[in-house]
Amino acid sequence: MMKPIRVTVWNEFRHEKEIGEVSKVYPQGIHNAIGDYLKKLDGVTVRTATLDEPEHGLSEAVLAETDVLIWWGHMAHHEVRDEIVDRVYGRVQAGMGLIVLHSGHASKIFRKLCGTESGQLKWRVIGEKERLWVADPGHPIAAGLKEYIEIPHEEMYGEWFGIPAPDALVLISWFEGGEVFRSGCCFHRGKGRIFYFRPGHETFPVYHQPEILQVIGNAVRWAAPVEGPVLTSGNTQPLEHIMENHVEGRHF
Amino acid sequence: MMKPIRVTVWNEFRHEKEIGEVSKVYPQGIHNAIGDYLKKLDGVTVRTATLDEPEHGLSEAVLAETDVLIWWGHMAHHEVRDEIVDRVYGRVQAGMGLIVLHSGHASKIFRKLCGTESGQLKWRVIGEKERLWVADPGHPIAAGLKEYIEIPHEEMYGEWFGIPAPDALVLISWFEGGEVFRSGCCFHRGKGRIFYFRPGHETFPVYHQPEILQVIGNAVRWAAPVEGPVLTSGNTQPLEHIMENHVEGRHF
Amino acid sequence: MMKPIRVTVWNEFRHEKEIGEVSKVYPQGIHNAIGDYLKKLDGVTVRTATLDEPEHGLSEAVLAETDVLIWWGHMAHHEVRDEIVDRVYGRVQAGMGLIVLHSGHASKIFRKLCGTESGQLKWRVIGEKERLWVADPGHPIAAGLKEYIEIPHEEMYGEWFGIPAPDALVLISWFEGGEVFRSGCCFHRGKGRIFYFRPGHETFPVYHQPEILQVIGNAVRWAAPVEGPVLTSGNTQPLEHIMENHVEGRHF
Amino acid sequence: MMKPIRVTVWNEFRHEKEIGEVSKVYPQGIHNAIGDYLKKLDGVTVRTATLDEPEHGLSEAVLAETDVLIWWGHMAHHEVRDEIVDRVYGRVQAGMGLIVLHSGHASKIFRKLCGTESGQLKWRVIGEKERLWVADPGHPIAAGLKEYIEIPHEEMYGEWFGIPAPDALVLISWFEGGEVFRSGCCFHRGKGRIFYFRPGHETFPVYHQPEILQVIGNAVRWAAPVEGPVLTSGNTQPLEHIMENHVEGRHF
């Protein structure tokens, strides 16, 4: 029997508490909207964590038991403490999966993992139509989808998006107002796999839409850690017969 | 007439001053060994900069006039001030080319641009043979090479090397003692292009070897900035006819 | 002084002769519209070739003197003889650049180089607006562009486009009617580099638009051959000292 | 409950019948050595097929029931009928996984899927040592491995290997005699995923080595088809409100 994938859904959880129209869309918070869906999947266990908990809910213990971390943040990226960012970063390098949602593009953790100014993009909130077209139809994250996902009303994000070229580009968005966006992007960092997924503005019920939840569920399975090699580094012995004909050299 | 490519060769420049056997190999420092070669190329101008100069020789003014920065560091990575690292980082995002040499793999700037622990690798200094095999023979950085470059005595670097998958893999090293290494790696970050090039231990005369200098020269031309689009970001107007049928939405 | 880049612009050249409205847009043929622009560039020489010439204008001699081949075809892909396709294919593997335009996506040569059914896409001809957004602003093919190119009236091409993931994705199209498309795609094949560029329906004056011609000119410079290594293959001698401890083995 | 992955192991099966020393290593043929291992895996069913069966054992019916096809061939690539190659090719585009082993690099099907002369490489049979280093330790195909796999005696394959840059590079080989090789390479073609895996010369017991079999088993799971979107192509309707302001245009 396969071990369950242990997911932690992290949410800044401020908009929902401070702004009435957001709390109407996500009365239990975005983290619970997503978490409630994931709980129904076979072989997935779910917990949530939020910014205002101690250590933002991301203690060493919690992260040690997290296979895939989902991240939604927006207005308080700067409040996330650097030591927690470094902790998450270290876990990703060690193999933890990370799914970054929507405005999480500008989070400290995603910028640090990109090595670029991933906060850079165009935006607009007029509730225009979005279509996310599948660009890699054989990718596991596209399982169960149609050729495109249509979101009737969304915030627009437009290129240029300040990310490195993704290792796989699964979804490309079209927006009614004239823009495109790389909306479903896979990255490998260390032993960890990262999926950036664009949809999800807090004033639209995007995380109640079945296809969007399906993508998040697919991404959880795709990003789950692999039991790859234990990696060593540092000074290393050569094959034996090589030692005989070596020359002098020093390492300072 | 084409504008010249303005190169700054940055060197930590400590080994050469502190260790006799290094100063014999590079009496004017590694930066000048490389710089002297580049000065002979058409359409390239060269300056050098070192750690112990004010602002490490990398003032705003110097970087503003640098098209491609070459980086060699080793024993004093931690002495490079974070504000200078951020300055170089910003310039790369804006389009400056960066060539990271050998032990520069563990520099602050390369780790920040990778989004990984690029300091992670195996090493050994017994002066063994290295062969750098061309893996992408149509790449501009492979111009003028034979199928492989042989270095008679070098420090070994072995996988796993903690980098993201490069956007192009130009050279793969073979080492006598049993290891391989991704030795010529291209990355795009923002508008800037980065080339990591493995050879160059300070106790071996690697930067006097013509093929090695040829690769560095090729990489300078490849990494030179492109006059691409002026990028804008933030709140953006839609195509006009879209405005008519928009719905309410707010951005907090 | 640099050697000139020798370009051959190949055009099927049937629409222009058979259909009045096309001949009004391209009275000298699409090949000459593009060729006339390229002739004005420094360091570029141009010839043209068309389907109905002997050997489709692509004799061994012509291809031997071609650094970059530009390909436009549409209604007569099946009339291109397989031996000429194989000849072009061989030249690309050996380093010749290839720029495939618009409906050339379904040509024999592009399908053969893709290893996929690149003819597969959606299309529509209602003269809708297209915007080609720059996705890789530091790429040489984006030189001199703004953030997007707008074409007022074009044929739509929509995903899914049956290509392998490109080695670099430079341009992504937005279409008024609801689709997106990977419109500027780089591929490496053998020592050759290939650029697929989407715009160019024969009933719209797309190849008279300056930004479109600029991209084609940029792509010519990017795809020009590199003097990389002479490649060898087959049975190969090992390093000498290895021979001593080899075991028996045979190759049938 | 998950559907089983249906594997067909295809083998040319000539060496084993014609050459005594090969038949000693693989008395039941290479296909059965691999198939017997795969049969022990959970959720995998196995059949075999060989060149000299009718339709090479790859009838429409067999391929329709194959999720992942494994391919070993060497001396008789030219005897594989083009119509069968086209059939396999079509199935890969439609989503079937394909694992190409060792000398299968020069098979018609792999060359057609690469779009390059993948037969091009260096080789040598002196039974030298090979080490396959893991270059992507978080990749599913690296599950359960150590940092490298050592094969005590193998045929050497050396760069340059005439493939396109793989979508993921999982393993890089080191050979005692001085060469390196991209030995574990992932490609996407259409909806299908392809893994090229280098080891496996017919005179060495490579397919009895547990780590080699582990990689093949991992690759089977990785390459298994995904139920992605049903893809459509051809003339496509636009969003309705766009129709109002279209201009004339024709598609010939």
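Chains: A, B, C and D, in written order; residue numbering restarts at 1 for each.
In this text, contacts are C-beta pairs under 8 Å (C-beta built on N, C-alpha and C of every residue); 3 or more make two chains touch, one makes a residue touch a chain.
What you see is a predicted model, and the numbers here were worked out from it, not measured in a lab.
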When B-C and A-B are ranked by contacting C-beta pairs, first comes A-B
Looking at CA centres, what chain is most distant from chain B? D
Whole-Å distance, chain B centre to chain C centre, using C-alpha means? 31
Can you compute the centre-to-centre distance for chain B and chain D, using the mean CA position of each chain? Integer Å is fine. 35
Could you put a whole-Å number on the gap between the CA centroids of chain A and chain B? 29
Shared interface positions of chain A, touching two or more other chains: 134, 136-137, 147, 158, 160, 165, 167-168, 175, 178-179, 188, 190, 229, 231-232, 239
Interfacial residue positions of chain C with respect to chain B in the complex: 95, 129, 134, 136-140, 142-147, 167-168, 188, 190-193, 225-232, 239
Please give the residue numbers of chain C that touch chain D in the complex, ascending. 15, 19, 21-22, 74-75, 93, 112-117, 120-128, 153, 155-156, 158, 160, 162, 164-165, 167, 175-179, 187-190, 201-204, 229, 231-239, 242-243, 246-252
If we count contacts the way the header does, which residues on chain D are in touch with chain B in the complex? 131, 133-137, 147, 158-160, 165, 168-169, 172-175, 178-180, 182, 241, 245
